[in-house]
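In the two assemblies presented below, chain A is common to both, partnered first by chain B and then by chain C.
Our next item is the complex of A and B:
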């Protein structure tokens, strides 16, 4: 257990240094949330009940989601392209733990979106950003980050097992923003879509974080959101662990660990 | 002419690796439609403008995706190691690089027509019969102007290696400043002035005029403005460096 944690920590640290200078992920963490946040702030501020914290939380979640979506769907194929997949497969260290640590590093990096989102509200627009329940928001953020990391872990083998699915994953950015209610309530969506949103960890992340930030959810409501956040994230993680085994089995069998 | 046609066909075909249509459908159809729906729903929730404002703005805004294809067609030459051969070849560069943009104009039009169809069928946007020609012309002008941006980004890609990031920057700046989602009057003075230099600003305004029932003449000046801007960027791209 200790060895696995040490491995995950090392993998996270190495990956953190790598993504911190990756132009595309920097864009996903900094610039995209900036544009989304500023645009949304302009679009929603006409509401009589406008709460800038709603945009701040939604913007932060959009940045975290985009980063994990892109990093997650490319986590294993990146190893193949850089020629390290063979080494990872042959190593006695757990492949699942290495990639898990790697995505943990990306997840920590993606939290930069949260800092930026607060900056948009306070510095650019000059709104006094008030958090109704800071403690509950911190717990919600922690659980949201874990569940979104699990979603990224689910995408990693999926993108490499079925390449068509992998390409489809890359366009899930806006649909998940919409289906999860990051920046508008899902009740605006057609009725038949709403049950689907309940299956998504990002939806429960948005429910918990918006609820804690605005104070609209009481503790029982938050506990429900946290429960479903962990449940949906946990289910994806279990499926991911099976898929990771399948990735290595297939790659060994087909001789496709390396590109050449 | 032959060089232009061959370049247009093969660069477009190679970009999406046509062995499978899924990448094309994902990047050029689903993404813009998801973008349209997302911003239209935020606009509905915000309530600052009528829904048609966001639907028309974002239907025209889907043209920004064209910039990715055009700039990537140029940047891919470098990645595949063929850029040096292309630049050293005696073939004139204008048909080579304009050819790379040609099919993206048609493709951008298809994107926008699909987006407008979704706006009409799903969100109930009403386009008066008299305004259809105007809207189609606005779409064509928007795509040509954005292709100019795409080629400019492709040229910048000689210096900046990450074209995808460049094109993303361009897309978000255009979506924010062109008036697709935020009325220009609400932007700070300096930013609103910069917005006048953004291709699409006038195409979006013209399309809104036509959807609102204005005559074709009413938007001609605006469309000529965007066309001139696109031509300027194309000219900058093809000027000797």
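Our next item is the complex of A and C:
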């Protein structure tokens, strides 16, 4: 294993131990999806075209999205608060790899939402788990998680470079939730919004996961969704890598790595 | 022990400005000069002290040398590597400890903190476990290494910081007020470790407010004020600057500012420092006439207000007061 991968793995493990006892992220992973999942099940279950897997997948995505939005936008400022930002910045390790590893730890933690969402569907409401394409769902989940992690990586330097933007990021939770079609089809929204949704990795995550779980998408449809998942996530990751360099350069010029 | 004169660290005319704003409705930009053409050289294997009042530029100097700040102008190098151009290479060769308790992962154990920082410094995986144990032993935390850092005392956290900074065997160490806030025993233990590291050949730059600490540990000391070096030399060199002075210490009760000013105006008085100790004050008066100054000083204060009187030789602290002209 190369040094960078080992560092990323260690960073993920360190952060996993920290977020596992973080009350706010526990709320994002457990309580918020529980509320979303249960209320949506009650709202939709009497409809003739009701598909419980749609709610399960949407609930899981909402938990993963919220966790990565909050953790990503606070990833660097959290290090500053704990006084470790200077130590990370003054170490020879790549700052991008360190924060990337840490956010990967949070991403793994956010998968608790998926387990919870299945629990809501099967245990709480007694629906059987019926996944049309389990293998494709696994691939979709993997790619969705990578793309959402990349989105979190994009938010991390953005929130530090432009603090006002950072504050606004926190209110993106519901708009992206709605624009991505986690629990309600995007087709319900006006047509002019569709191009915007196509730019969002969470949208393609929802398309791929819903499509694989319900079997509504054939392989070519899934391949298209996977391609755009990787493309949108990849673009954000490339921009993020530049912004990470900018964060450190600006902080070294302005002297803002420490709190004091 | 000064090993040789090869420059481990060089600062040449380093200036560092900080921009800040004042005002609420109408904001005005303001520039603060933290370093004002600072030049210094530290030899390899040297234990070099930087003294100065708050805001003198000590921490800024350390942050420039540890690559955390880019100088506004001038050049700084560590082991021949430019801290701006070769920042990554510099980082591999240095270690640093900033005073205070922050900078550790509190929910992890001390041992896990060290393992993680070893990864950050790319210590080969096979070397990490023995190195971590060796350092926990050095700083006296081996038995408590599995406990979460959040339960550590301040002194334990400081010692863990020191262990952290030694993981990759840095050639140059920067210690910025490492004993700040420690109890006397904890501080003495930390000084012992610093001494030991120095004996082992490390180049160490130490900033401190405790002058006896600098006197005890440092080969050479730079006193800086307003971002410039105002004195440089061995502790004995600096003390020699005040060899003509003696210090009269007067323990007094309830004297006012005007009395202190009156003392300062006396022709034979070089400086007066007031230290508040609960209800008492201790006046440290530097003078060239030693014992002969005692009677006129007591008369100037008013005899009824004076308790203990002592006359002693000037120390490094007195040299510092003379150089910097004030105390915090």
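Criterion: the second predicted complex is superposed on the first by the 259 of 260 C-alpha atoms of A that agree within 3 Å, B and C clash if a C-alpha of one lies under 4 Å from a C-alpha of the other, contacts with A are read in each partner's own complex, and residues count from 1 in each chain.
In the analysis below, a contact is a pair of C-beta atoms (placed from the backbone, for glycine too) under 8 Å apart; a residue touches a chain by one contact, two chains touch by 3 or more.
Here the structure is a predicted model, which is why all the values come from computation and not from measurement.
Participant: Following the overlay on chain A, give me a clash-or-fit verdict for chain B and chain C.
Facilitator: By the criteria stated at the top, chain C and chain B fit after superposition, with no clash.
Participant: Where does A:42 make contact in the superposed view: on chain B (first), on chain C (second), on both, or on neither?
Facilitator: Touch status of A:42: first partner only.
Participant: When the two structures are overlaid on chain A, which partner does A:32 contact: first (chain B), second (chain C), both, or neither?
Facilitator: first
Participant: Considering only touches as defined above, state whether A:91 meets chain B (first), chain C (second), both or neither.
Facilitator: second
Participant: Applying the touch criterion given at the start, work out whether A:6 contacts chain B, chain C, both or neither, answering first, second, both or neither.
Facilitator: The second partner, chain C, only.
Participant: Between chain B (first) and chain C (second), which does A:174 come into contact with in this model arrangement: first, second, both, or neither?
Facilitator: The first partner, chain B, only.
Participant: Hey, in the superposed model, what angle do you get at chain A between chain B and chain C, Cα centres, nearest 10 degrees?
Facilitator: The three centres form an angle at chain A of 90 degrees.
Participant: Figure out whether A:191 sits in contact with chain B (first) or chain C (second), or with both, or with neither.
Facilitator: In the superposition, A:191 touches no partner, neither chain B nor chain C.
Participant: Once the two structures sit on chain A together, report how near the CA atoms of chain B get to those of chain C, whole Å.
Facilitator: 8
Participant: Help me check something: in the complex, which residues belonging to chain A touch chain B?
Facilitator: For this pair, the touching residues of chain A are 23-24, 26-27, 31-32, 35-36, 38-40, 42-47, 164, 167-168, 170-171, 173-175, 177-178, 183-185, 188-189.
Participant: Going by the contact rule at the top, pick out the chain C residues touching chain A in the complex.
Facilitator: Contacts found on chain C: 18-19, 60, 63, 66-70, 88-89, 91-92, 96, 98, 100, 102-108, 112, 115-117, 119-122, 125, 164.
Participant: For the complex, give me every residue of chain A touching chain C.
Facilitator: 3, 6-7, 10-11, 14, 17-18, 21, 82-84, 86-93, 98, 252-255, 257
Participant: Residues of chain B touching chain A in their complex?
Facilitator: So the residues of chain B touching chain A come out as 20, 22-23, 26-27, 30-31, 34-35, 37-39, 41-48, 162, 164-165, 168-169, 172-173, 175-176, 181-182, 186-187.
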